[in-house]
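Chain nomenclature is as follows: A, B, C, D, E and F, assigned in order of appearance, with residue numbering initiated at 1 for each chain independently.
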Amino acid sequence: MRLLLINPNISDSVSDLIRAEAQRTASAGTEIEVLTAPFGVAYIETRFEALIGAYAAAQLAAEHHARFDAVVVAAFGDPGLAGLREALPCPVTGLSEAAMASACLLGQRFSIVAISQRIRAWYRETVEHAGLAGRLASIRGLDEPLADIGNVQGNQGERLVALANRCVAEDGADVIVLAGAPLAGLARSLRGRLPVPVVDGVSSAVRHAESLAALQPGKATGGSFAPPPVKPHHGLPEGIARLLDRH
Amino acid sequence: MRLLLINPNISDSVSDLIRAEAQRTASAGTEIEVLTAPFGVAYIETRFEALIGAYAAAQLAAEHHARFDAVVVAAFGDPGLAGLREALPCPVTGLSEAAMASACLLGQRFSIVAISQRIRAWYRETVEHAGLAGRLASIRGLDEPLADIGNVQGNQGERLVALANRCVAEDGADVIVLAGAPLAGLARSLRGRLPVPVVDGVSSAVRHAESLAALQPGKATGGSFAPPPVKPHHGLPEGIARLLDRH
Amino acid sequence: MRLLLINPNISDSVSDLIRAEAQRTASAGTEIEVLTAPFGVAYIETRFEALIGAYAAAQLAAEHHARFDAVVVAAFGDPGLAGLREALPCPVTGLSEAAMASACLLGQRFSIVAISQRIRAWYRETVEHAGLAGRLASIRGLDEPLADIGNVQGNQGERLVALANRCVAEDGADVIVLAGAPLAGLARSLRGRLPVPVVDGVSSAVRHAESLAALQPGKATGGSFAPPPVKPHHGLPEGIARLLDRH
Amino acid sequence: MRLLLINPNISDSVSDLIRAEAQRTASAGTEIEVLTAPFGVAYIETRFEALIGAYAAAQLAAEHHARFDAVVVAAFGDPGLAGLREALPCPVTGLSEAAMASACLLGQRFSIVAISQRIRAWYRETVEHAGLAGRLASIRGLDEPLADIGNVQGNQGERLVALANRCVAEDGADVIVLAGAPLAGLARSLRGRLPVPVVDGVSSAVRHAESLAALQPGKATGGSFAPPPVKPHHGLPEGIARLLDRH
Amino acid sequence: MRLLLINPNISDSVSDLIRAEAQRTASAGTEIEVLTAPFGVAYIETRFEALIGAYAAAQLAAEHHARFDAVVVAAFGDPGLAGLREALPCPVTGLSEAAMASACLLGQRFSIVAISQRIRAWYRETVEHAGLAGRLASIRGLDEPLADIGNVQGNQGERLVALANRCVAEDGADVIVLAGAPLAGLARSLRGRLPVPVVDGVSSAVRHAESLAALQPGKATGGSFAPPPVKPHHGLPEGIARLLDRH
Amino acid sequence: MRLLLINPNISDSVSDLIRAEAQRTASAGTEIEVLTAPFGVAYIETRFEALIGAYAAAQLAAEHHARFDAVVVAAFGDPGLAGLREALPCPVTGLSEAAMASACLLGQRFSIVAISQRIRAWYRETVEHAGLAGRLASIRGLDEPLADIGNVQGNQGERLVALANRCVAEDGADVIVLAGAPLAGLARSLRGRLPVPVVDGVSSAVRHAESLAALQPGKATGGSFAPPPVKPHHGLPEGIARLLDRH
């Protein structure tokens, strides 16, 4: 099985974290490929940056998906995921929805621990869009500027643990979601240090993508995730144009 | 006052409808400019097409906003609106949220009448994202392929009226929203033919954009609609890059 | 265009604040008239007082509406608004729904800053009735008795600013609604002092009433905002009786 | 124990139905008094009529409550109930909330069968205001004009049974609420004819009012149902003025 | 009238508290019988313990119900209630739903004061299952291990009062629910000490069970609370088997 | 890896269906064991039957879990799941939550196709308890008595396909969940016959249980899924008693 993970940001250091955690998680026989956005920002905290990342992810996915059994949008907030689920012929998931799926299988309410204050509003909207607001205990975020997006875990590890503990003690969390590709792998290294289960977007997405590919539930030809109806377009990147015309 | 309306689709015929209705609605002294997306699809029915339209709208807005007092994303579903509200220094609104704001000032529950079946899922998500699911009576759509996106009103006018009447009689609608830029102006021509108030995205957006510009509520420097934090980026269109760097 | 603003309380000093802000906001050519309730309480903080204010507003509206293009219930909580929307032939709005409409066009979540603690429960129910609980960040109120309802802004201005800042910093507000007719005009004088957009019921209501009158969406003859069915009544004030009999 | 039931409408024939069912239901030792509104409409179907009924109910309650252990607003929709709960020193309930309380003790989802189509919107808002939308299966209403409000049961009994059966078979109702004072007593006469439990506002309100008086849970001196803060007022009926000044 | 209260826990001391409060509350002519679970735990704080208590309650109810007019599951959280409502031919209620019904007749929002921290999650889910999350102000619980489940009121009375006061002052509660059979009778002894009405599960359940028996709304033969369809079973306690076979 | 699937019903024929589909789905190296409840009913359609099944599942799980890496409650509605998640040291999931997790990774809204009309209410409550009501398009069920619970697929296959097609065409489903252990394997045999992805509880539960065991998110020692606090108990089956005492 071959999985494509798309980092919709331009940070190669984050792509390295994603790749490492994906490879540690993947089942025997699963090959992992990680692509980094050719344009965009260093990391996504806002709706405007997500809009850019969505388009970048769409371009990469349109161009490369054919070689893969499933695609993962490898940023929290899942920019572009719903659109790609319509357009691509294979299963697609994202770090947020995959981590939330894991969390919902482990407890009733989860909290999200994030890398900045600003990012919380966008994450809350992501949870609401997933219809899971009733299972959200809280979202807490670091409150300092990030000096190095590829080394948040090293610089801020203890602060992240402290935030997670407050989510359990004060907010009623049954599960902690460590959010954002820059935290890929942290759940693994925190094993046994928190009083509740901890999940991570990258490892969840790899496992669930493998499951979706294995279960073979079928691609929608009707309903709202069927491919977009064929219609005139122009000026689009070749991969996207091909995707729009192909069925 | 100067308003910029951005058609995030490539259909000039729809831009013409938008322009005509906007000019009929605008207050004395308001100047209207309508720009058409340089790339994209003929009209947006799906999440994937909305993703493309959002990026096109962002490019146009980034490049042209400086000459305007307010910006309108002139497609139902408001692709890119939330991101642009963060990034632009002036008020921004969209056809969906403007029409829903009008509808909420006229009754308790509204129905949306739309140009296709497929488009309903995306519209429902738009309503849910606005937190207005509790005020939605129903969404009904035409069930035939559209021969000519610039002439839906002419070809399908009576069917649209019939759908609206069913929304009132069967679904409990207090207000009808005629959705989609291709229906711009239809509310005006249907005056007196429906048993409840009828609103239209373009005229609502023009009025509300004027109001927001006149009320001068201030641009966010804090909260989740402050401009995105400055950070590394690359490969972006010049207007977007300038917007990200500018504050 | 002629707008009638009805203060459902007996405080002439508050009517003066309403009139001043309405006139500052009104478009060229719009005439403003403010009427004060002939019976009732000094200001509304409770459901019981709202019930009284609703009836006073209904009497004034029934008697005077014929000379106006739109009517505004000029108290937060909008006492009587839904009933008047059924009964009157012209558009009707209220300070709460108008301010919330403005807020929803400016950000995702708003907070309400109010003139007392007690008033918060009634305001929360107003937001819930509008179906907007999902967009409410918080309601905060002054916690001292009001010495002079006509001079809350002067006496309590800095406390109100402090409350608004806490709404942004602690509650996640994207927009501040300054609630209650006694705060009419404060949003204008606070321009530039808060980190998020600030809206005010009176100015919002004047602008939106003008828009509703201009858009001419039509009066309901069906649905739940059609005029009440004709039926026996007795003992009612002449204006109300005439309204019930008139169609 | 003495219970006051207030018919906020002017129909003496409906007051007779209320009185008869209340007396059939009351425990030994409970005395029932029913008062009819001195002004208002024949029956309430709309928000505007409810506004009038609320004020009429408030006047009667303010004037007469002192002789009673509990007060019942004896119209569905409970006009004025929340305000009276603040202002009166004794327990107050209404037909809607009492019937819904009974229904919620008998099943998970209830349907409301009502005397007109028009009334459904107002009833739905009543359910939503009670926070019980999640337990509402449906609201169905008669679709003919009512020839005689005091004899709906006789004229329309079979149609009401048919509506109730559809609520069970098509809408998933576990319990039927027969709504509106004009249907007082019908639940009793339908015993055994419907496949699910049936409840009635008047009998439910009498039983629950007795329970509230017996349980003696205490009158609020704090929270949002404490009496309104004392403040200037003028022009109010003597009973209401006394109530506002009394604590 | 004869009421059966089933304590689904094994604590006789708690059964004594339940019996005493039930007898103080019961109307003249009502006989009370309290049965204690023959197996289970000392008191229920978790979903797993509730699962056990539900089965114990079902066994007792199946065996003994025939002699009674109504049955009460006498533990907060109402373990087994919904199932018993299907299976038994008489009305069934539970401490949680009965207390919440009382609370909803006394104010808009209630808080629950509970005997432990752990129990709060289960109580919250109970409120949510009842569809009453919108009326819940907060749940607060004691934060010390309970030395003697039969004497929580004596040992922890002042702490419980302090928690209730915080619910009013900080959380906006209009009514306090004292939750859990170990607090049976506390509401009565706190009369006049709290600023809002206080309700108790046992006294509420006794009153409402009497009301349900008196109102005779009928037993479901259709809908989702009809008895379970007859089908093969084996290995069940005799009472439960008889109940499954009996209609 | 070793997985225990517990059929909380007494039907060996259904256990055979579960075992066959689980083995078809399991990854290489995963061993499957299926146990059938020693007491209970043939299949669960009601809350009362679920209460019995929950206790049977708890007994089996308590006795046998130690040899397994994860446990699956193999009936739709997941009787006993939340309690077992607290009490067992390993991951636990159930057919409903696993199927819903799959569905949520494949589309926005899912419909459930079920084996009877009666079962729909219980399934709806299962979805609501999972906080996923916002993603439920509809629940449709067969409307005939089931002649042979082990052969529903053979007897009713075409009717189930027709129901699924109506969920897509009329209810807006993006994904179909085939619900109930008696349908285990049907999703696999319907591949390519439905216009949207189809998921099945058994295969989803096997995959997700494997994922949870592989991800090793940790067992809760705090929060609401920590093991129940140790306290007195008596009369319990030995396995359950040991589980309660063990930590």
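Rule of thumb we're sticking to: a residue touches a chain if its C-beta (ideal position, glycine included) is under 8 Å from a C-beta of that chain, and two chains touch if they have at least 3 such contacts.
Given the structure is predicted, the values throughout are model-derived calculations rather than measurements.
Participant: Keeping to the contact definition above, tell me which chains border both subunit C and subunit F.
Facilitator: Expected: A, B, D, E.
Participant: Quick check for the class: compute each chain's Cα centroid; which one is farthest from the centroid of subunit C?
Facilitator: Relative to subunit C, the chain whose C-alpha centre sits farthest away is F.
Participant: If you average the CA atoms of subunit E and of subunit F, how far apart do the two points sit, in angstrom?
Facilitator: Here the centre of subunit F sits 29 Å away from the centre of subunit E.
Participant: With chain centres defined as C-alpha means, what is the inter-centre distance between subunit A and subunit C in Å?
Facilitator: Distance between chain centres, rounded to whole Å: 43 Å.
Participant: Could you list the positions in subunit C whose residues touch two or more of the other chains?
Facilitator: Subunit C, residues with two or more chain partners: 82, 85, 108-109, 120-121, 125, 128, 134, 172, 174, 223-224, 226.
Participant: Between which chains does touch occur?
Facilitator: A-B, A-C, A-E, A-F, B-C, B-D, B-F, C-D, C-E, D-E, D-F, E-F
Participant: Along subunit F, where are the residues that touch subunit E in the complex?
Facilitator: Residues in contact with subunit E: 10, 38-43, 45-52, 54-55, 58, 80, 82-87, 118, 120-122, 125, 128-129, 145, 223-224, 226, 228-229, 231-236, 240, 244.
Participant: Subunit F touches which residues of subunit B in the complex?
Facilitator: Within the complex, subunit B contacts subunit F at residues 120-121, 125, 128.
Participant: Once bound in the complex, which stretches of subunit F touch subunit B?
Facilitator: So the residues of subunit F in touch with subunit B come to 108-109, 134, 172, 174.
Participant: For the complex, which residues does subunit C have touching subunit B?
Facilitator: Going through subunit C, the ones touching subunit B are 25, 27, 82, 85, 91, 93, 97-98, 101-102, 104-109, 130-135, 168-169, 172-175, 187, 191-192, 194-199, 203-204, 207-208, 211-212, 214-226.
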